[in-house]
Amino acid sequence: MVSTRHLEDLDAASYEEYASTGHGLVLVPTGATEQHGPHMPLGVDAMLSTAVCAAVADDLDAVVAPAFRYGYKSQPRSGGGNHRVGTTSLSGQVLILQTRDVVSEFFRHGIRRVVVVNGHFENYQFLYEGLDLAVREHRDDDGGPVRALLLSYWDFVDEQTLEAVFPDGFLGWDIEHGGVLETSLMLHLHPGKVDMSRAPVHPPAELTPYDVFPEDPARTPGSGCLSSPAGATAERGELLLNAVRAGIARAVSSEFGK
Amino acid sequence: MVSTRHLEDLDAASYEEYASTGHGLVLVPTGATEQHGPHMPLGVDAMLSTAVCAAVADDLDAVVAPAFRYGYKSQPRSGGGNHRVGTTSLSGQVLILQTRDVVSEFFRHGIRRVVVVNGHFENYQFLYEGLDLAVREHRDDDGGPVRALLLSYWDFVDEQTLEAVFPDGFLGWDIEHGGVLETSLMLHLHPGKVDMSRAPVHPPAELTPYDVFPEDPARTPGSGCLSSPAGATAERGELLLNAVRAGIARAVSSEFGK
Amino acid sequence: MVSTRHLEDLDAASYEEYASTGHGLVLVPTGATEQHGPHMPLGVDAMLSTAVCAAVADDLDAVVAPAFRYGYKSQPRSGGGNHRVGTTSLSGQVLILQTRDVVSEFFRHGIRRVVVVNGHFENYQFLYEGLDLAVREHRDDDGGPVRALLLSYWDFVDEQTLEAVFPDGFLGWDIEHGGVLETSLMLHLHPGKVDMSRAPVHPPAELTPYDVFPEDPARTPGSGCLSSPAGATAERGELLLNAVRAGIARAVSSEFGK
Amino acid sequence: MVSTRHLEDLDAASYEEYASTGHGLVLVPTGATEQHGPHMPLGVDAMLSTAVCAAVADDLDAVVAPAFRYGYKSQPRSGGGNHRVGTTSLSGQVLILQTRDVVSEFFRHGIRRVVVVNGHFENYQFLYEGLDLAVREHRDDDGGPVRALLLSYWDFVDEQTLEAVFPDGFLGWDIEHGGVLETSLMLHLHPGKVDMSRAPVHPPAELTPYDVFPEDPARTPGSGCLSSPAGATAERGELLLNAVRAGIARAVSSEFGK
Amino acid sequence: MVSTRHLEDLDAASYEEYASTGHGLVLVPTGATEQHGPHMPLGVDAMLSTAVCAAVADDLDAVVAPAFRYGYKSQPRSGGGNHRVGTTSLSGQVLILQTRDVVSEFFRHGIRRVVVVNGHFENYQFLYEGLDLAVREHRDDDGGPVRALLLSYWDFVDEQTLEAVFPDGFLGWDIEHGGVLETSLMLHLHPGKVDMSRAPVHPPAELTPYDVFPEDPARTPGSGCLSSPAGATAERGELLLNAVRAGIARAVSSEFGK
Amino acid sequence: MVSTRHLEDLDAASYEEYASTGHGLVLVPTGATEQHGPHMPLGVDAMLSTAVCAAVADDLDAVVAPAFRYGYKSQPRSGGGNHRVGTTSLSGQVLILQTRDVVSEFFRHGIRRVVVVNGHFENYQFLYEGLDLAVREHRDDDGGPVRALLLSYWDFVDEQTLEAVFPDGFLGWDIEHGGVLETSLMLHLHPGKVDMSRAPVHPPAELTPYDVFPEDPARTPGSGCLSSPAGATAERGELLLNAVRAGIARAVSSEFGK
């Protein structure tokens, strides 16, 4: 068992020992540098995916890779749009290749099982392509077959938790940017980084079923949040984290037999 | 007004006249070459997005560009997976750059308004990136500001139509691959290309909230459909097309003032 | 034997059966969206290469892949130039990678023999590079050695046909853009898409033995045709198609032993 | 003045206010995930460049961007080599494009002055190329001319500090991988992440004046350190940090007039 | 007037003076490293295009850039094929981008007119794409409009010269690889690099009107020449060079008004 | 033993014989087109690396590949900067891929041992990445393991030679651009290409420990030299060449057992 879960804090000798067992599991948290309203910091997405990974890693004796702190361009219908100041993004090809490179390195180390835990909606397809390229490249590696999972953590919130967190009804993940989900998780995990006195109160953004280029700033609420985080609490954050943690751990165990 | 809506059937002189008005609108249908069950052909996605474009083009005096007949890799949770024989896909970077190139060409022609109409779920983010690159590149063109929309046609099916088409309840777009939506549209538009006697009857696929690499063939129903198309009819296809056509025409008019 | 020759119209199960025989042959038609004079549509190149493929496929029990409807930039000395409105092209790298991706997919399906049938002069070298990359990548595939052919269909017009089609003497393929060759084939195959009343009559373009950047619009005849299509007839088109069909079928059979 | 120096901890509204002054300065720390001997963690390079940035930011009212936690491939003559388990690297093109993208985003925010502070020797030329691409792209931005600096922090250690830290003589930066420099800085900044009881004691690595492909594992000391960190102390780390901090602050002020 | 024609032999101050006149003209010779039969060296293509450039440069007071000594993959129907040992080639994308980069640099220097003189058949389309990218990028440069020409030198051999060099009839440029054209030019320009005692005597290669992948070594004559160079003489080489030189000089003057 | 050392002057049959022995060794000289002061030509870097290769090739029965005559962008701290007129450079990605392609070709020929001899400081990391990609790609080639070395020739000047060449003390390689090292070597190897009457006399450039973007022309001495070449002599050049030649030959022999 490894003494810290974070690869950046591990020494190479300990990690090598871990990887050499053939049972190693690496979790890669991905996020973004993206505005999250006036009450939360720009780094929310990587903070949350990292926390989810750390929790899951404890359950599964896994190692957490350094998070991807820059993500794909923020889109108006899920993150407010990439025209906002502060949002600092990568183009699609860079995120694809970064994923391919990093995951390939873990396979080179002898790790046969990698899980990419996404915390920024817009990343998903580019992570998918990067993983597909890495897994194809290493399909016939000497060390045995490689396998990988890709997921966005919020897809593991179950119905029961959803009802507890959104007692007035859940309106969909798309408007949860800077809303109750992320803010509750941050209140539970990093309360010092949230200032609820600045949490905006406004109706949910009305999203069109299409995207406009170039972005039209008028369509994103001035706050940058796609729904109000007013209902967020640390307790709800804890519920959410527990649900996500349990769901992911179960899925990974079931897939990887651990 | 142009005499045919399809760019490939237009002569250059007529198109040039159309483009020179400054009011030209080009619709770009995108699809894939992807298995769609034993009862439908591999080209469904481009056939449907092309038909949607043609219908909308009639309403808005627009021109329909040649469809993208190859799309991004089929994913198990929306298209059955790219391991299936017959599915013939592009890598992410190729779809990004193809979109950038083609849309840039329309801007060069003097067209200021382009709508990309997606018919293959997996394409969306790569089309988004390609459009973003094209619009940034041409932002300061001499001919005036360029604008573009990106949409997936099924996002324009309204609640009322949904209820009519899925009287027993709608289970979500994700399992509609080769199901009632696409099959009904094909029965309405290309009845000769559907063989309902081969339509599979099986419960909807149970999708995991994550992706697995490499694909696990056992998770996709043998038929390749993620839900049964048994309830498909040409009438439902007509309802769907009407809803989508009206919704897109309304959206484009409202955005582009036409 | 497959019941339709066009992959987009085939269902996946039938195609899989076809591919699984180990004797499958896929023909990939490539074209462009390019001005072809005032009397013919922009899609001529893909229409013709698709028709050639369909004819050859009947002879050889082959499958025709969806055509590449966008091609490399039109060049003044073979297609009038990419400055013309309507011409809608890809950059070189996109065409290279699209070819690599699509052909690699057929190899993945178990198809061991692919023929790319080019209908747009400017494409050739980029198709060559894409094919070379695909074949190198799959050289050691488990399913046995892969092979591919690349050709431009007009290179299969024999001397006798040439004399019949150009009784006053043949001036070279380079000026055949929008001229007698393409127009005759279109009159034979798609008479409804040709308007001979608009066919320009002018002397052949005088081409320089070099290219100029940026393109000089004055060097391309205003019509967009590099020679007059006035001598085109459906009969000549039939002669041409027969010659090309027979020549390609013979070449493919001889190379692939079919 | 901004209340935190780290962009990931800042809310977008505060950062926007900061950027809008026109005097904003962003520091981008870059590192690697690379073995650093048995006594230090894999994340040393980003930890140190981040700490240097934070110190300089205090002096200059600057903002520190999220660090690049993955760097270019470790090379045997400066980092022990990329064959070591734990070292997790990017290919050159990815690092180039990531730098271009991220720095371009700061320019889009209205920031006119960016400093990239490198903490991993191997990164330098790829960061240089990425910065060059970003600055060329934004040279004519409306918001006024953009400027950037690139540096590796150890190049700001002055002679006097060098003598104090290496009383027995300084043997060159090349063998300082996992040696006295980095270990002293870590002891000063993150003492809990260093285990001096595991610090290897061996003569400096004898480096060839050339590189060998593929890497020859026998040339890197088993410890992964290119020289012994035995002489490292927190005091020496403080001296080093002070020298680097002062030197960089002076250079930036002098270049950017702040 | 510049004292040497070759950029690599010029000092920067003299070149800068030359470029600053606004009338500068740079010629870029391109070739390949490709087998040219047993009687000629691998560097023939760059040697010949360089010699052509030098001759033209004398007539037009131009500067000759360092030749591209590596070219696109040799193809069986024009160069014997890239499977031959000794042939050392670039992939398409590298040649495209190298051309873009190098030509862009001349535009940066203030040179407004560039001519790329090709000496390796296979290069042409990739040079075209690279030039197109460079000219688009610099279209709006401050220093005034940029212009470029692209040509293959053999396209400037006139009918009269052709008859003199091939008294028994000219069979086409495609089989001139290692044949009379190149060998005569080499005998005139670099007699010491030709060994006519090893010149192969065999009938012209019979070329198929298509390409085969992977290359089939049996189709290229063992000598590597596509036709026999037996008829080559230094006198014929001189005739050829004079024709090419005069033709190119005339074309460039006429285009660029010099 | 081969009769000439330069691949471009060798015929393919002789080279094939050489390569087929399994003991072949190819040296690849790399340089740049870069200003080198008023007294030396732009091609110095490739001329010197080529000369070094030729000398070493004589000792080791090696073949010298055509030199890379264009290199990575000149940087102010080692080459005066890429803003200088005459300097004609490649972007990083092009140099990476060119190196990968060319070295891969030698491996395809059956050559198992390649040495890249760098003559332009700025190239090193991009050559490294290209070599790494080529060696990874060919690691499992049928013909046996491939190996490569990368070096910059000046790193083989020993202490004794340094003292003889710089009797007043050596100030570091970084300011040797256009200085005593390169000028002496040119006086020895290509005296006709050096004009010592124009050799600038000025104090060494004072280099900052960081890079500035965009380049600041004022920081590079007007001459373009980073130190004065006044002390250069042909004798010193001979000393330098001998030291470099012996050092490289020894290193290659020791690595490759020849």
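Observations on the model:
As written, the chain order gives the labels A, B, C, D, E and F, with residue 1 at the start of each chain.
Here, contacts are C-beta pairs under 8 Å (C-beta built on N, C-alpha and C of every residue); 3 or more make two chains touch, one makes a residue touch a chain.
Here's who's who by UniProt: A, B, C, D, E, F = Creatininase.
Being a predicted model, the structure only gives us computed values, none of them experimental.
Shared contact partners of chain B and chain E, listed by label, are C.
For the pairs A-B and E-F, the larger set of C-beta contacts lies at E-F. Comparing the centres of all chains, each the average of its CA atoms, the largest separation from chain E belongs to A. Note: centroid distance chain D to chain E, computed from Cα atoms, is 47 Å. Mean C-alpha position of chain B lies 26 Å from that of chain C. The geometric centre of chain C is 54 Å away from that of chain D, both derived from CA atoms. Residue positions 91, 93 of chain D are each in touch with at least two other chains.
Because contacts link each chain to exactly two others and close back on themselves, their graph is best described as a ring.
The ring of touching chains, read from chain E in the direction of chain F, comes out as E, F, D, A, B, C.
Those residues of chain A lying in contact with chain B across their complex are 72-73, 75, 82, 91-93, 96, 122, 124-126, 128-129, 131-133, 135-136, 139, 147-151, 155-156, 208-214, 247, 251, 255.
Touching chain F in their complex are the following residues of chain E: 6-13, 15-16, 19-20, 33, 35-43, 46-47, 65-67, 69-70, 84-91, 93-94, 97-98, 101-102, 105-106, 109-110, 193, 195, 198, 224.
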